[in-house]
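Take a look at the structures below.
Consider the two complexes below, in which chain A is the common component and chain B and chain C are the respective partners.
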Partner chain A sequence: MIQDFSWIHIIPILKGAWLTIQLCFFSLLFGGVIGVILGLGATSKNKLANVLSGLYIRLVRGVPLLVIIFLVYFALPMLDIGINFSKGFSAVLALSVYAGAYMGEIVRGGIQSVPKGQFEAADALGMSYFQKFRHVIVPQALQYIIPPGIGFFIALIKDSSLVSIIGYIDLTKAGKVVSNLTFNPIASFLVVAAVYFVICFGLSKAAYYFERRFLQTNA
Partner chain B sequence: MNIQVKNLHKSYGKLEVLKGIDCQIREGEVVCVIGPSGSGKSTFLRCLNLLEEITSGQVLIGDYDLTHGKTDINKVRTEVGMVFQQFNLFPHKTAIQNVMLAPVIVKNVPKEAARTRALELLDKVGLKDKANAYPGSLSGGQMQRVAIARALAMDPKIMLFDEPTSALDPELVGEVLNVMKDLAREGMTMVVVTHEMGFAREVADRVIFMDQGYIIEEGKPEEIFQAPKNERTQSFLRKVI
Partner chain C sequence: MNLVFHDIIPYIPQLLSGLAVSLYVTVICMLAGTVLGLFVALCKSSKNVILRFLGNAYIELIRNTPLLVQLYILFFGLGQLGIDISPLWSALIGITINNGAYTAEIFRAGLSSVPKGLHEAGSALGMNKAQIFRHVILAPAFRTAFPALTNQLILLFLFSSVASIISLEELTYQIMNVETQTSRTLEITLIAAVLYYGCSSIFVYLSNAMAKKVFKW
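Right, the complex of A and B next:
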């Protein structure tokens, strides 16, 4: 049964948008944790941590996101490790692995942007590694991490549309469903595009506002 | 706290920067280390609180053996203050926060006590009125004085100065040297890498001349400056004085 495209069809699209936002939020959260660990590893004096972090970052950045999604959704369950690879879980896992590598690179860059003298001053005062990062390095590195971090998050929202391929009902997939239902791909995907745009544009505006305030208070 | 250095070597890869340094610094002594750039004097100083890894040899700070793997280096560093050429103040913290930070987080001094002590120290370096200023709004001389107060806040037994006036405009050098003279007068053990020959002559108990990774000559300032024995010392002093 073919339906005409109408306001009713906005609802599944908005539901898809909500799932996309959730997906990206959790992926950024877990990816951020991975990124911090990798960033610390890549900047540490420990050779092993250095090599492992570099390896992860280079490997993941050298593989297309779509292939990571396929690996997680199709290949990992074959190993039979007793985890239920639902579509949502696979989507978050794949995006987190992907985001982790990029966030790792951003965190590494942020830490290395803090002058060497700051590390030495903290060391000379007898601070532990944790104290040094908590009180001296991280507060200064954040200004180098947050702007590219937000930029990456916006890119991640757009990249996340790839998970529609494994059947996760995100914004893109919801648009496809509506398009199939109404035979009106023009209206369906224009609405989808508009929703992506509003999310991303809104975020970048918020980021700009936040950045200005943040930099002002730190000047 | 005495400092004892025995046959200290430091290499970066194939480049040997310190080629066997032996020296002893007694508690309360003010020692100035002079020498041409590249002589290894800063590297020597930075080995005394392990900002540089020691390649071989032994460094004793009081009873702490820096070259012994089990020594808690952060414990030693609370007893050895350091002042850098580039100040290295924490730019996201005010002057008083810079001074208070390490006592509060490293030594667990209560905040109020740390604040009172920090104000005393800022007063001592003549910057009580700048307590709430950020480093970005201070002059080089003021920043360096805050940095000295920050190091003193840990109540160190030894103070290391790594060319503390080399990055300053000439008219700001005096205010920093005056603070250091006061410290010397109070009996602080000080090791000062410097190009300020006037300061070395006036304040130092002993002057060490280094060149190409060796200690070439050491002695009382009047011996080194008036009657240097070694030819390299003579030629260096001819150039700088």
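Right, the complex of A and C next:
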């Protein structure tokens, strides 16, 4: 049965938008953890940690997100490691692996932007590794990490549209379903695009004011 | 678990033809997108309010919506309007429009990095605006923009894989095709990763070599 596109169809699209936001939030969270580990690894004096983090970052950044999603959703379950790969789990895992590499690069850049003298000063004060990062490096590195981090989060929201192809009902997939239901792809996808635009544009404007309000005073 | 690659050998030509389509789309869209981006960047930095608004609107609209949705609108939307468009043309047009918004921002940064003194020096020599742009501004702006353009080229190559979803027979499409025919999921996805990674490394190498040759001053 073909339905006409009407206001009722906005509801599933908005539900998809909520799932997209949740998906990106958790992916950024886990990706951020991976990114911090990689960033610390890439800037550490340990050669092995250096090489491994560099390898991860370069490999993941050299492969399309679509291939990462396929690898996680179709290929990993073939290893038979006894994890239940639901669509949601695969989507979060793939996006986290992807976000980890980009966040790692951002964290590395942030840590390296802190002048070398600050590291030496902390060492001279006899601070432990943890104290050095907690009290000296992180507060200064954050101003170099947060703006590109928010930029990446916005990119991640757009990139997360690719998980729709493994059938996860995100914003894009919801639009596809509505489009198939109503045979009106123009209206469906324009609404989807408008929702993405509101989320991403709103977020970037909010980030802009946030940065101007808080981050400059820190510098 | 053991990896079996010999099932995939007969499909190598298919994979290579997919890679060729991916590279073709990347090169065409990068060239067209660079021209488009330069044009939009000029619109955005012009004194005309309407041109500036249009440039801004284009950049914000494209940069704040996913490429996949843009391709859907183009591919299925034009179909709905009764215009029969092939996946290749949708991909070429859609990715070029998408890429143009990103290169426009890159060029805007490049153009604004050119010192004002160069503009003034140009007009002191009696050049008109077009001459100043062509002979004085373009080269240093391009040099500043070049590393970011290289980055954009690699992102473009990786994101051309999205066109497989609108059934363009590029590398990712062929990968999925071979996967369904051989069921060697893990092996074929690993090959895909290697091919994409290898090509993007070659791109980085080539563009670094080119930057060294071209930007000598």
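Please note the rule applied: the second predicted complex is superposed on the first by the 217 of 219 C-alpha atoms of A that agree within 3 Å, B and C clash if a C-alpha of one lies under 4 Å from a C-alpha of the other, contacts with A are read in each partner's own complex, and residues count from 1 in each chain.
Convention: contacts are C-beta pairs under 8 Å (C-beta built on N, C-alpha and C of every residue); 3 or more make two chains touch, one makes a residue touch a chain.
What you are looking at is a predicted structure, and each value in this text was computed from that prediction instead of being measured.
When both complexes are superposed on chain A, chain B and chain C end up sitting side by side without clashing. In the superposition on chain A, A:S161 makes contact with chain C only, not with chain B. Applying the stated contact rule after C-alpha superposition, one finds that A:Q131 touches chain B and leaves chain C untouched.
When the two complexes are overlaid on their common chain A, residue A:A49 makes contact with neither chain B nor chain C. Contact comparison for chain A: of chain B and chain C, C touches the greater number of residues. Across the overlaid complexes, the C-alpha centre of chain A sees chain B and chain C at an angle of 100°, to the nearest 10. When the two complexes are overlaid on their common chain A, residue A:I10 makes contact with neither chain B nor chain C. When both complexes are overlaid on chain A, the residue A:V33 reaches neither chain B nor chain C. By the document's definition of touching, of the two partners only chain C reaches A:N184; chain B does not. In this overlay, which is a superposition and not a single complex, chain B and chain C have their closest Cα atoms 28 Å apart. Looking at chain A, you'll find no residue that touches chain B in one structure and chain C in the other.
Those residues of chain A that touch chain B in the complex are listed here as 115, 117-118, 120-121, 123-128, 131, 135-136, 139-140, 218-219.
Across the interface of their complex, chain A is touched by residues 1, 60-61, 63-70, 72-73, 76-77, 79-81, 154, 158-159, 161-162, 164-165, 172, 175-176, 179, 185-186, 189-190, 192-193, 196-197, 200-201 of chain C. Looking at the complex, you find that chain B touches chain A at residues 49, 51, 74-78, 80-82, 84, 86-92, 101-102, 105-106, 136, 150-151, 154.
Chain A contributes residues 59, 62-67, 70-71, 74-75, 78-80, 154, 158-159, 161-162, 164-165, 172, 175-176, 179, 183-186, 189-190, 192-193, 196-197, 200-201, 204 to its touches with chain C in the complex.
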